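Next come two complexes built around subunit A: one with subunit B, the other with subunit C.
== the complex of A and B ==
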């Protein structure tokens, strides 16, 4: 089920909230948790119930492992369980996400003819697998207790964070499940949740989906793009991806708050970053946190302890981002994207030629993000090379006009374009460019301003005004009216 | 070793790692309070503290260090 659908907003969510607070009001604590888990599983299996077997299998495997760690604490080394747990989860993810990629590459290298399985990526598998890997490692590091099955299932399946993050840690959510005061309806938390959700929905429906039209059009006609069009596409995709994913995460945080729970912030104005390292502390923060805690820190400490400081200083960031790239998808373009990020991180960590934060450092990081996204969006190596060639070998064919004209599909522009068609059809190309410039300007102003968390904290300090409530109501209503063209979230593909 | 002695040693390590002889850390000090305390500096810090106090932290201990106070408590436990 999608957050940006009427069935979710007007049917599923109200039923879920009413059931949750009603059962808690009657002090049926356990029933409330089971109800929440049941609703979350319904949400997950809405389009394809067969995926339920996968998620339940994954939960079962990890829960049994956690139980065995508890029971064999004195007899079996936790390293054995960690190896089993991590490899079990990675094999599970590997089969569903990378099997065909592996076969394709084997066939290519060894000239074999193994048949592809054409496995469709199960929803959210990359996210709930990482979440459970972190739990198993924490169990082996003795920083996590063995929870009850009800709590554990509710933690993994909690629908606001199930499909595309944020990657919530057990220590962030399960203790909140167990807090008595969190089970009571808190108006302030609920209101904040509605604001977060509306802002996120607006980001997704009113901004990301509009830029998506232009980006998709450009990549469909990638053979014809010229230099300005390539830069424009890469810039628009960066804006689309940011508003799509951060919008999704704002909605997730908002939904969490409606239930009284705080989920971690996944985005902290990443496009204001002044270095690649700074960018990754702000963009998909919970993924960066996962990779830092479970991969980067242990590997680098191990390297330094073995007196290989220099080697590991360079090697680990590169390795971490190669893995991060591959995690995003089974394609060589993601691996190249990861390597590009790794180089960016190494550049950020340089000791010499350090620049103070300024417009130059911001602009450099922003351009880096644009180029990164050109690689990220290209589905094949061929397309990636075409994009990069178009960006860096200057030539102009006027394709930008055609690209901008794809905005004719945006319902909000219908009246303006119809009027111009009647008045002066020759100026249509310029009208579309003007509309695109307006969209870019609005996006720039939003990106420059406060993010959702800052808006909320500002309002909590200053108090809510009628004007603010009206603005949120407009964003929500406008988004809901635009929901007839429901589109999936980009991070559902990863 | 007392908590004060541990903090004295920790301050020396912090001053050395962050190259700032005026730096004084407290119980509640976190990475947000010290300029340049990023993920790599954190690792350098961990390894330097290990050397200074002659201990070896487990990964669980490293991941549970939420502030300098928890680092000091872990050291106190290890040195007891």
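== the complex of A and C ==
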């Protein structure tokens, strides 16, 4: 099920909220947890019930492992369980996400002819696997208790964060499940949730989906793109990806708040960053946090212990971002993207030629983000090279006009384009460019302004006015009217 | 303050969605709830989205039934020729069962005096179940109100369809008879159509008539049941011409006899019924061999549509019920002869490199 669908907003969510608060009101704590888990599993298996076996299998494996860690604390070294747990989870993820990639490359290198399995990537597998890896490691590090099965299942399956994050840690969510005051309906939290959800829905439906039309058109016709079109596509994809994923995360946080729970933020105005390192502290930072805690820090400590600090200073960011790239998808373009990010981080960490925060550092980071997203969006190496060549070997064919004309599909522009077609068809190209410029300008203003958390914090200080309620209601209603063609979130693919 | 905010938020959201719903219900560009408002024209441009609404809510006494081949008829030609008020029930690449599904719906809402059914041989070889449930616009087809929100809360309807309906009603020329017509956007010429057809380089063994798929008879019987249920309706069934290139392909694919057998079964089963007239144009030399009339091997231009209506009005091409077997044999022989001559000899004039036996 998708957050951006009428069935979710007007049927699933109200039933879920009513059931949750009703059972808690009656003090049926366990029943409420079971209800929430059941609804989350229904949400997960809505389009493909067979996925339920996978997620339940994954939960079962990790829960049993946690139980064994508890029972064999004095007899078996936790390192053995950690190795078993991490490798078990990675094998699970590896089979569903990377098996065909591995076969393809084996066939290519060794000229073999192994058959591809054509495995369809189960939704959210990358997210709930990482979440459980973190739990198992914490169990072995003795920083996490063994929870009840009901709490653990509710933690992994809690639907607002199940499909595409944020990557919530057990220590952030399960203690909230256990707090009595969180189970009572809190109007202030519910209001915050509604605002977050509406803003997120608007970001996704009203902005990301519009830029998606242009980006998809460009990548479908990648053989014809010229330099301006390539830069335009890469810029538009950066905007699309940001509004799509941050919109999803705002919705997730908002849904959490509707249930009374605080989920971690995942974005903090990343396009205002002044270095690549700064960018990754603002973009998808629950992933950055996971990688830092479970990969970067242990590797750095290892470097210090082995007295190879300098080597590890260079090696660790590269390795972490190569893994991050590969985590995003089974394709060499993601690995290259990861390497590119790693180099960006190393450049950010340099000691010499450091610049003070200024327009130049912001612009440099922004351009870096545009180029890296061109790599990220390219499905094949061939397309990536085509894209980069178009960006860096200047040539102009006028393809930008054709690209911009794909905006004729946007209902908001329909009337103005039809009228112009009748009045002066020769000006259509310029009209489309003008419309695109307006879109980019609006996006820039939104990006430059306050993010969802800042808006909320500002409003909490200044008070919720009628005008603010009207603005949120219009964003929500206009988004609902735009759901007739439901589109999926980009991060469902990762 | 929170209480007041949430109250405002909910009230304004409901008001916005309600306003959108009311606008859609008022203008109803897919005619799901009512016929066009008195000051608006019946703008019919989105076949799949609008056919069901017109059948449910328009006032009419005749139905023009067919696939994409029949979409370029002008309703007014039938209205004037037969003194009727017609609507179209069309489905591109539709099955016979899809069209009968539409017809059933028409009978639920109106008394039908005439059905003009353009028989597409493709459609009677299709399964006898309808295909609407697979469509993303099924909410316009089914009768449940629970999915109407997909129509009522729809930005495309508000920003595209309603303005278009208003523009056609007040500012642009729009002929209501030309519902679902698409000929304006296509090129009909020998050159254009020949780019769509390449004769097969070999001849498959000709299948026997007896090898015909039983589904053809099932489709014919389904139509027969519908006809028998409605003796008050005059069914004018007609086989429009297909280009000689379409028939050439049937010949080369070894399915010519199968197609002719389908026609034979159809006519034999239905022609004897009192309220049925069947017209046959699959032997019209001038319409089938004049490739300038086509955009591809089956889709002809509006001149052919107009000619067919005139012929039906004049009862030209009507298969006489007396001596049915002999008449039918003659008709099918004339088609067979024309196709065979073309596929084995005349094709070289159009395709000099085509393989002939």
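Quick notes on this structure:
Keep this in mind: the second predicted complex is superposed on the first by the 494 of 494 C-alpha atoms of A that agree within 3 Å, B and C clash if a C-alpha of one lies under 4 Å from a C-alpha of the other, contacts with A are read in each partner's own complex, and residues count from 1 in each chain.
The rule is short, and it goes like this: a residue touches a chain if its C-beta (ideal position, glycine included) is under 8 Å from a C-beta of that chain, and two chains touch if they have at least 3 such contacts.
Just so you know, these numbers come straight off a predicted model, no measurement behind them.
Aligning the two structures on subunit A places subunit B and subunit C next to each other without any clash. In the superposition on chain A, A:304 makes contact with subunit B only, not with subunit C. Of the two partner chains placed by superposition, A:455 touches none, neither subunit B nor subunit C. After the superposition on chain A, the angle subunit B-subunit A-subunit C between C-alpha centres rounds to 180°, nearest 10.
In the superposition on chain A, contact of A:56 is made with neither subunit B nor subunit C. In the superposition on chain A, contact of A:293 is made with subunit B only, not with subunit C. Residue contacts after overlaying the shared chain place A:440 against neither subunit B nor subunit C. When the two complexes are overlaid, the chain among subunit B and subunit C that reaches more residues of subunit A is C. Look at A:190: by the touch rule set out above, it reaches subunit C but stays clear of subunit B.
Of the two partner chains, subunit B is the only one that A:313 touches; subunit C does not reach it.
Shortest separation of subunit B and subunit C in the overlay equals 32 Å (C-alpha atoms, whole Å). Subunit A residues in contact with subunit B (one complex) as well as with subunit C (other complex) do not exist.
Residue ranges of subunit C in contact with subunit A, taken from their complex: 1-6, 8-13, 16-17, 20, 149-150, 153-156, 158-160, 163-164, 167.
Against subunit B, in their complex, subunit A makes its touches with residues 138, 141-143, 277, 292-293, 296-298, 300-301, 304-305, 313, 349.
On subunit A, the positions that touch subunit C within their shared complex are 6, 10, 187-188, 190-191, 194, 411-412, 414-415, 418, 463-464, 466, 468-470, 472-474, 476-478, 480-485.
Contact residues on subunit B toward subunit A in their complex (touch as defined above): 38-40, 42-44, 46-47, 56, 58-60, 62-64.
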